[in-house]
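Chain IDs A, B, C and D follow the sequence of writing; residue 1 opens each chain.
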Amino acid sequence: MNLIKVGIIGGTGYTGVELLRLLVNHPHTEVVLITSRSEAGREVADLFPSLRGFTDLVFSKPDEGMFSNCDVVFSATPNGIAMTHARQLLEAGVRLIDLAADFRINDVATWEQWYGMSHACPELVSKAVYGLPEVNRDRVRGAQIVANPGCYPTATTLGFLPLVKNGLVDNGDLIADTKSGVTGAGRGANVANLYSEVADSFKAYAVTGHRHHPEISQNLTAVANDERPVNLTFVPHLTPMLRGIHATLYANLSQPEMPIAALQELFVSFYANEPFVDVLPLGSHPDTRSVKASNMCRIALHKAGGSGKLVVLSVIDNLTKGAAGQAVQNMNIMFGFDERDSLLSAAVLP
Amino acid sequence: MNLIKVGIIGGTGYTGVELLRLLVNHPHTEVVLITSRSEAGREVADLFPSLRGFTDLVFSKPDEGMFSNCDVVFSATPNGIAMTHARQLLEAGVRLIDLAADFRINDVATWEQWYGMSHACPELVSKAVYGLPEVNRDRVRGAQIVANPGCYPTATTLGFLPLVKNGLVDNGDLIADTKSGVTGAGRGANVANLYSEVADSFKAYAVTGHRHHPEISQNLTAVANDERPVNLTFVPHLTPMLRGIHATLYANLSQPEMPIAALQELFVSFYANEPFVDVLPLGSHPDTRSVKASNMCRIALHKAGGSGKLVVLSVIDNLTKGAAGQAVQNMNIMFGFDERDSLLSAAVLP
Amino acid sequence: MNLIKVGIIGGTGYTGVELLRLLVNHPHTEVVLITSRSEAGREVADLFPSLRGFTDLVFSKPDEGMFSNCDVVFSATPNGIAMTHARQLLEAGVRLIDLAADFRINDVATWEQWYGMSHACPELVSKAVYGLPEVNRDRVRGAQIVANPGCYPTATTLGFLPLVKNGLVDNGDLIADTKSGVTGAGRGANVANLYSEVADSFKAYAVTGHRHHPEISQNLTAVANDERPVNLTFVPHLTPMLRGIHATLYANLSQPEMPIAALQELFVSFYANEPFVDVLPLGSHPDTRSVKASNMCRIALHKAGGSGKLVVLSVIDNLTKGAAGQAVQNMNIMFGFDERDSLLSAAVLP
Amino acid sequence: MNLIKVGIIGGTGYTGVELLRLLVNHPHTEVVLITSRSEAGREVADLFPSLRGFTDLVFSKPDEGMFSNCDVVFSATPNGIAMTHARQLLEAGVRLIDLAADFRINDVATWEQWYGMSHACPELVSKAVYGLPEVNRDRVRGAQIVANPGCYPTATTLGFLPLVKNGLVDNGDLIADTKSGVTGAGRGANVANLYSEVADSFKAYAVTGHRHHPEISQNLTAVANDERPVNLTFVPHLTPMLRGIHATLYANLSQPEMPIAALQELFVSFYANEPFVDVLPLGSHPDTRSVKASNMCRIALHKAGGSGKLVVLSVIDNLTKGAAGQAVQNMNIMFGFDERDSLLSAAVLP
C-alpha cells in the first residue's frame, strides 16, 4: 500500500511532538511537511532530540499552497489558525484534522464569544465532524474536516456518555471536577506554567468559565434522549504532572436505587467494541499513569454510600487520547486503516 | 513565664517532625520527651537532619508514667494508640492532644466500625473536645483531651461552615472533591506510596468510603440549623505533591439567585476574627503552595455560570493546619498563650 | 516465523513491567509464563493496569522445571535469584538473561564480597556473557547466559568506552558523577523511597561504595589498551524523577591539547553502526527525557575551558537501555532477530 | 530599638518573595518600599498570596531618590540593575545589598566579559564587599555595598574553603559537579523553564562556561595559601525540584594517605562558630530537603575507596543561604543585629 502524505501545521508544541512520535512509526503515513514560523529552517530533531534518528524533517515557513499535494493535514497550532487554512485545503482536496478548537462548536456565535475572535470560515463549521470516534465514527470516515476534541471534553464525554444517552441520570445537575497535567497548558513562554509556579502545588482555575465547558455541554446535549436541558458544572484544576486528565464526574441517578452492577454492565457493553475505552472492574480507581503515552481511556464507576449519587472516574493522556492520539485514530478511520495503527503500545508505567 | 513541659508520643512520622519544627521555636514550650518504639535510643536530629541544631532530644521507649511530669502530650502516632494512654495521662493531670482519630467521632459504635477496632476508653470520648478552633475555641480552652481534626475535615468543614451554619445551601446534596499531597499518607513503608508509584500521576481512592467522611458529616450536622440531614458525597484524590489539601466543594444554594457578593460578604465577616482563615477576593483560585508550611486556610467562592451551584475552594497544608499546626494552635488556646505563637510564619513560596 | 516462548522470573517490579511493555508488542515472542511468589494467582493486568488488553497472563508460583519448554527466560528478580535457576535452565537447554547482577562480575570472590552472599553456581559465571552489545555483540549471539548490565554501568561504560579503548585519557583518574531516577531503587516497600522522602529533594548516596563500581571498573579495565590500572571515583545520586540516568564523566586527556572536534569525530565514528547510541552534536546537553521509555543512549562531549579536562554527558532510561530494553536487545541478538525489534519507538517527550 | 527602614528594588522574583518572607518577621526591620516596573500599583500580597496578612506593601514604580530615607536597600533584580542605583544610594548614605552579580567580580574587565555589558560604576566595585560571612564577616560589618554571593558559589566555596585555605588539596584539579533546583533559573517567562520542559527530567547546562565559574575561582584563589593557581572544572545541572543546591566536589589530597577523620576534625573546627554551616558526621549524605527554606549549609566528607580523592557534599537552599537568607544575614551583620535574626527556623521537611 502506498503511504499517504501528511502535513503538519505548527509542530513546535507538545501536541506536535506527540503527533510526530506516533506518525514516525505509522505503517501507512509519511510526514512530508511541517511548518513553524518561529522555527523555520531548524531541524525538527534539533528542537526535539527525542526524534533524532526518526525524522529528517526541517520546519518550513508556512506558504500558500504548500500542502496541496498532501492527503491530510493536521493543524497542531493554537486556536484560530486552522480556520485560516481550511478553505484552501478543501479546495485542493486535502483533508484537515484540527487539533485546536476552530471547528468544535456548532454554533458560530457561541464559538466567537468563547474564543474572542471572528470565525474565518463560518460556512465550513457545519461541514466539520466532531472527531470523537466513540460517537461519530461513521461520520468521521467521510469527513473533509475533523474537529479533534479537547482533552477535558474527551475524558468527560466518554464518562458521561452511556448515562446521558440512556437517560439514566438527571441531566440538570452534572458535575465534572477535572484535573489536568501541565502539558495541557501548552508550550508557550508563560510565567504561570513555569516549573517553579506549578510544581509541588495544586489549584483550580477558570472556575467561572472555561472554553471546554460549551464543548462538553454540546456533546452531552447531542446525545441526551429527553427534553431536560443539560446543565453542567465544570471545574478544571492544574495538577503537578506532565500528562494526564482525571475527570471525577458526579451525577444523580434517575432511579437512585439502581444497582451499581447494572450500571457497570451497561458501561461494559456500551464500550465493548471500542478499542480505546476500557471499563475497569467495579471498585477500581484508575490512575493517570495507567494511560501514559497511550490512546486508552479508562473508566470506573462508584456509587456513593447509600445515595443515588453516581461517581464516574475517567482518565486519559491529554496529549494522546486527548489530542494527538485521537487525531491519528481519526486519520486511521478517514483513510480506512486499522483504527489502532501506531496506537497499540501499552502505557508507559511508571 | 515558665516554659510548659511537652511530651510527644510517636514522633517519627511527618506530623511528628512538623510538630517539632513548630515547637522548637515556640516561646513558651520545652519538649522534654519524645517516644518511638522503633527508633528508641536514636537522636531525633539524626533521623531528621533538618532539626540539627534545634534539639538534643533522643527517642525514648514508651514507658508507664513517663509523661506524668508533662503539662501536655501530643500523640502523633497512628490511630488506636492515644486511646491507650488517655486514662493514665488524665489521672496524672496531663492534657492530651491526639493528632490521630481516636477521639474525633462522638458515636463510639460508628468509630469502631470505621476504624476496625474496639475503643480502649469509650467513657472518655464524650469528654474530648474536637479541636477545630473556629468552631470550638471556648471548649478547647478547658479541654483535657483535644481530638485534633483530620486534614480533609479541616479544609472541608471550614469551606462549608458558613453556608451550613446559616442554612444557605441544600444540606442534602453536598459534594467534597478533595485532593491531598502524599505526606497525608504517612511515613510507613508501603508500596502504594513509593515515589515511583505516585509521582507524575493522579488518582482517586477510597471513593466508596473514607474515614474522614463520618467526621465531616458529624461536623456539618452539628452546626446545621435545620432539620434536613446532611448528605455528603466525599471523594479523596492523591496528588503528586508533598503537602497540601485542596477541597473543591459543591453545594446548591437554597436561594439560587443569591448574589455571590452577598455570600462573599458573609464569609468575610464570618471569619473576620479568625487568625488562620483567609477569605480571598472574589474570583480567586488559591493554590496549595500559598499555604505551604503555614497554618493558614485560604478560601475562595465561585458561582457556576447562571445556576444556583456554589463552588467553594479551600486549601490548607495537611501537615500544618491539617495536623501539627492546628495542634499547636489548640495548645496555645488551652494554655492561654497567644493563639498564633510559633504559627506566624508566611508560607514558603515556592 | 514461529514465536519463541519466553518466561519471566519475578515480574512484579519496574523492570518486569517494562519488559512486558516491550514484549507484548514484539513480533517474534510469546510470553508463556511469569512467576511471582507474592502475587501468584493474580492477573498481571490487575497489578499493572497499563497492560490491560495486552496480556492475559497470570502470575504463577515458581516451580521446578516449569520453564523447561521456554526458549529463553528473563530473570527480573532481585540479586541472588537467577543463580539458583541457572543450572536447571541450562540443562533444559533454556537460555537465560539475568537483569540482576548474579553473573556480571567475573571474579566470584569479588562478587561475593560486594553482594554479601555465596554464589550458587560459580562454575557458570565464566560462561556468562556480559550483555553490553556495543562491546560483546558477537559473544552475546551464542550465549547461554547473558548478564544484563546495570543501569549506571551502561551509561558510564558507553561514555568512557571510546576514550579508554583508544588510550586517550588518564585511566588513573576517572570520575563518574551519576544521577538516577527513583525507579532504579526498585519497587520494594522501603521508607527511603517513599514519595514523601525523595520528592523535591536531591542527594548523593553510597559514596564510599556502590555495587556498580566494580562492574564499571571491570568493563573499563577489559578494554583499556595499556598497562595503567583503571581508577574510578564513582558517586551516585538520587534524583526526583521516575526514569533516567545522567552520567557526568570527567577524564584528563592524555594529550591535553587534543581538539574537541577530533574527539567528537572519534565518538561519532566509534558508534556509527550502533542502533542505540546517539552521539549528539558538539555543545549539546542531553536531557534524560530525550530517552524516556526508549532504548537509546545519548552522549555529548565538552572540554572544560582551556584545560585538558574532558566532560562526557551520557543519558539513558534506566528501565529501558539500563535494564529491560537492553535485555530485549540481547534477546534479539541471541535469536537472530532484527536487533531493534520492539525497541524502535521514539522517546516519550515530555 | 527602632526599626530600620528597608527598601527592595525589584521584588517580583523568587529571591524577592523569599526576602519578604524573611523580612516580615524580622524583629528590627520595616520594609517601607518595594519597586517593580511591571507590577507597579499592584499589592504585593496579590502577586504572592503567601504574604497575605503579612504586608500591605504595594509595588511602586522606581523613581529618583525614592530610597533616600531607607537605611538599607536590597536589589533583587536581574544583573545590571543594582549598579545603576549604587552611586545615588551611597551618596544618600543608604547601604546596598545586591543579590545579583554586579559587584561580585573584582576585575571589572572579567565581569564585563562574562556578563556582556559595561559596568555602570566600575569605581565602586573595589569598595563592595563580597558577602560571604564565613570569609568576610568583619568587612561586611562596615560595608556600604555588599555583593551577595551566587548560589553555586556559596555551596561550592563553603565546601572547598577549609581545604584550599589550608593547602590540603591540589588546587590545580578541582571539580564541582553541581545541581540546582529550578527556582535558580528565575521567574522570567522562558520556555526552557516551563514545568513541561524540566519536570521528570535532568540535564547539565552551560558546561563550557557559566558565570558562577569565575566567581568561585576568585573565591578560592583569594584564600589559597600557595602559589598554585586554582583550576576548577565546573558543571551545573538542572534538577526537577524547586529549591536546593547540591554540590558534589572532587579534589585530590596533597597527602593522599591523610585520614578522613583528620579532615573531618578540621572541617568541624573550621566551622565551629558558624551559625549557618553544619558539618555532618562522617558517612552522611545530606539531602537538599534538610535545608529547605532554611539558611543552613550542610556539608559531609567522603574519601573514595583507597585513593587520595576527597569527595565533599555541600547543600544549601538556593533561595535562602544561596540568596535572600544570606542577604538578611549580611544585613544583620551590617547593622549589629543578632546574625541569626529571622533566620532561625528549622528547615521545612518534607
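Just so we're on the same page, contacts are C-beta pairs under 8 Å (C-beta built on N, C-alpha and C of every residue); 3 or more make two chains touch, one makes a residue touch a chain.
Values in this document were obtained by computation on a predicted structure and should not be read as measured data.
Colleague: Could you run down the chains that neighbour chain A and chain B together?
Modeller: Both chain A and chain B are touched by C, D, going by the contact rule given at the top.
Colleague: Between C-D and A-C, which chain pair is linked by the larger number of C-beta contacts?
Modeller: C-D
Colleague: So which chain is farthest from chain D, going by the mean of the CA atoms in each chain?
Modeller: A
Colleague: Where the centres are mean C-alpha positions, what is the separation of chain B from chain C, in Å?
Modeller: Once rounded, the distance between the two centres reads 45 Å.
Colleague: Would you mind pulling out the distance in Å between where the CA atoms of chain A average out and where those of chain C do?
Modeller: 36
Colleague: Distance-wise, how many Å sit between the C-alpha centres of chain C and chain D, to the nearest whole number?
Modeller: Result: the chain centres lie 39 Å from each other.
Colleague: Among the residues of chain A, which are close enough to touch at least two other chains?
Modeller: 14, 183, 196-197, 199-200, 240-243, 286-287, 289, 292, 350
Colleague: Please output the residues of chain A touching chain B within their complex, sorted ascending.
Modeller: Listed in rising order, the residues of chain A that touch chain B are 173, 175, 177, 179, 181, 196-197, 199-205, 207-209, 213, 231, 233-235, 237, 239-244, 246, 248, 250, 252, 283, 285-289, 292, 302-305, 307, 309, 311, 313, 315, 350.
Colleague: Write out the stretch or stretches of chain D touching chain B in their complex.
Modeller: 14, 17, 20-21, 24-25, 48-54, 183, 199-200, 242-243, 278, 280, 284, 286-287, 289-294, 296, 298, 344-350
Colleague: If you look only at chain A, which of its residues touch chain D in the complex?
Modeller: So the residues of chain A touching chain D come out as 14, 182-183, 185, 187-191, 193-200, 240-242.
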